[in-house]
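Per-chain numbering from 1; labels A, B, C and D assigned in written order.
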Amino acid sequence: MNDTVLADDLAQACAVAMYARDRAAQTMGITVLEARPGYARLDMTITETMINGHDIAHGGAIFTLADTAFAYACNSRNEANVALQCSISFTSAARLGERLVAVGEQRSGGTGRTGVYDIAVLRADDEELVALFRGVCYRVNGTVLQEEPES
Amino acid sequence: MNDTVLADDLAQACAVAMYARDRAAQTMGITVLEARPGYARLDMTITETMINGHDIAHGGAIFTLADTAFAYACNSRNEANVALQCSISFTSAARLGERLVAVGEQRSGGTGRTGVYDIAVLRADDEELVALFRGVCYRVNGTVLQEEPES
Amino acid sequence: MNDTVLADDLAQACAVAMYARDRAAQTMGITVLEARPGYARLDMTITETMINGHDIAHGGAIFTLADTAFAYACNSRNEANVALQCSISFTSAARLGERLVAVGEQRSGGTGRTGVYDIAVLRADDEELVALFRGVCYRVNGTVLQEEPES
Amino acid sequence: MNDTVLADDLAQACAVAMYARDRAAQTMGITVLEARPGYARLDMTITETMINGHDIAHGGAIFTLADTAFAYACNSRNEANVALQCSISFTSAARLGERLVAVGEQRSGGTGRTGVYDIAVLRADDEELVALFRGVCYRVNGTVLQEEPES
């Protein structure tokens, strides 16, 4: 077994461990489709409880999907990271029943203990871009698999 | 009755109308405490279903509260506005059972049909800052009270 | 001549017209290397007057390069656009004498009159990422080639 | 002499030391008007070399002023900090000859070694808001007064 396989296995083990504790992701119906070092792909379907006062998907629901992809991508090496700063641009409205896919990728190791990740949220059907998310994370002490990170 | 009272009444009517349709805010247990022109104050308590894989409140839950305060503040004049871009900085973790208050205020009418709003999310108990959110909105056609905005 | 050639010619004409008026870009030694619809590639070399109190390139100089690439990319169709909101993440320090290249690309037509662009700033020598910039623009009245945009 | 006075003196000493090395701020004609712990107030006048292709102040010039206020505010305790991520919303165009004032304030100590600062850029004449800037900084090793920070 080579290092890439080991790193992929570790990323998947981190995703499984995080998801088991991640009641928010579970409650939203978010599924982890793929996890690799610095990368995660997740999906979520827009349900009735995610609709806002303009009758489209609440920005908070789309953010939650993107932020979860960010979390799984930046915690994929069994080093605990927390989100410092996130930005999201909404490019197209999502509607009831649509399945969204979030693809998160590391762009930079950043400065010191920090990193930068880009997450694109696409409508599954036609791959239209729904949102662009960028997150900056900060590595805290602790690991994903065995211990809790410091707050 | 003076103009300020009328503007406040309109802001409250917009908040009531939006909330009635806002299944996402209802589902999260978000309450609108106050709505005035360009201003909204909301609260939400962190429940089990908002906890993430690090055993703290999911960034998506905090964002959803802030984004909802943004929506109610920028739709308070019965002109439909949608969020274009939002940024959030997480400054302190929130935990199970904590009540959070989001205070949203207009900072600028912006350029043309756009506006800028700042939302602070505070822990109710000790007023510690949990997150700073800034949103840019875009005025679409339509009103809050009678018609649906264009997507 | 096909439409792509015409669109590329228009983008280049817009870049030439903007650069002739753009004393800021000229003063910083910024060069436009390439302009196409929704795309621009520029470079700039870090000079003594761009160094800050930490003896590295001032964030403002790097932002200026990225923001200029954003401006040329989003004004490449002869419709005047202004920047609404920009975010930049600094991923590696740039130093005196280094040549930086900024590559700007449209990611979305956005909502209504708005658009989203991503600009990557790289060190020319080794292609190391120096900064990631994302901008939201707003189309005002007016064209690039013949009239001034409304403020 | 009490602690507040000592902290203010330290902030001013840091500002003086940084400014002496800050050729970018000097070149732009930026002046430090006030420096206190977690706070800085600077000004700059829009000159010919800061004008862009739309005949208004280049976003990069306004960003540079705001980013400099951020730097002086977050380095005011003689602990070296570098900018990780900055966002700026442009709310009103600035024109040739206008004097701008940037007021930077700490909003949070942030998570671990990080902090969040808000900088408002105002036109001096009428106090109209020109831009809102928010920055996240990261504390590196080293001090402002005696050593160089790690890159």
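Things to note:
In the analysis below, contacts are C-beta pairs under 8 Å (C-beta built on N, C-alpha and C of every residue); 3 or more make two chains touch, one makes a residue touch a chain.
All values reported here derive from a predicted model rather than from experimental measurement.
Two copies of one chain, chain B and chain C, touch each other, and the residues they use overlap strongly: the shared fraction of interface numbers exceeds half.
Greatest centre-to-centre distance from chain D is found for A, with centres as Cα means. Between C-D and B-D, more contacting C-beta pairs join the chains of C-D.
Centre-to-centre, using mean CA coordinates, chain C is 23 Å away from chain D.
If you average the CA atoms of chain B and of chain C, the two centres end up 33 Å from each other. Separating the centre of chain B from that of chain D, both taken as means of CA atoms, is a distance of 29 Å. For chain B, the set of residues that touch two or more other chains comprises 82, 84-85, 87, 89-90, 110-111, 136. Residues of chain B touching chain A in their complex: 17-25, 27-28, 48-56, 58-61, 63-65, 67-68, 71, 75, 80, 82-90, 93, 144, 148-149, 151. The touching residues of chain D, counted against chain A in their complex, run 82, 84-85, 87, 110-114, 136, 138, 140.
Those residues of chain A lying in contact with chain C across their complex are 87, 89-92, 107-111, 116, 118, 129, 132, 134, 136.
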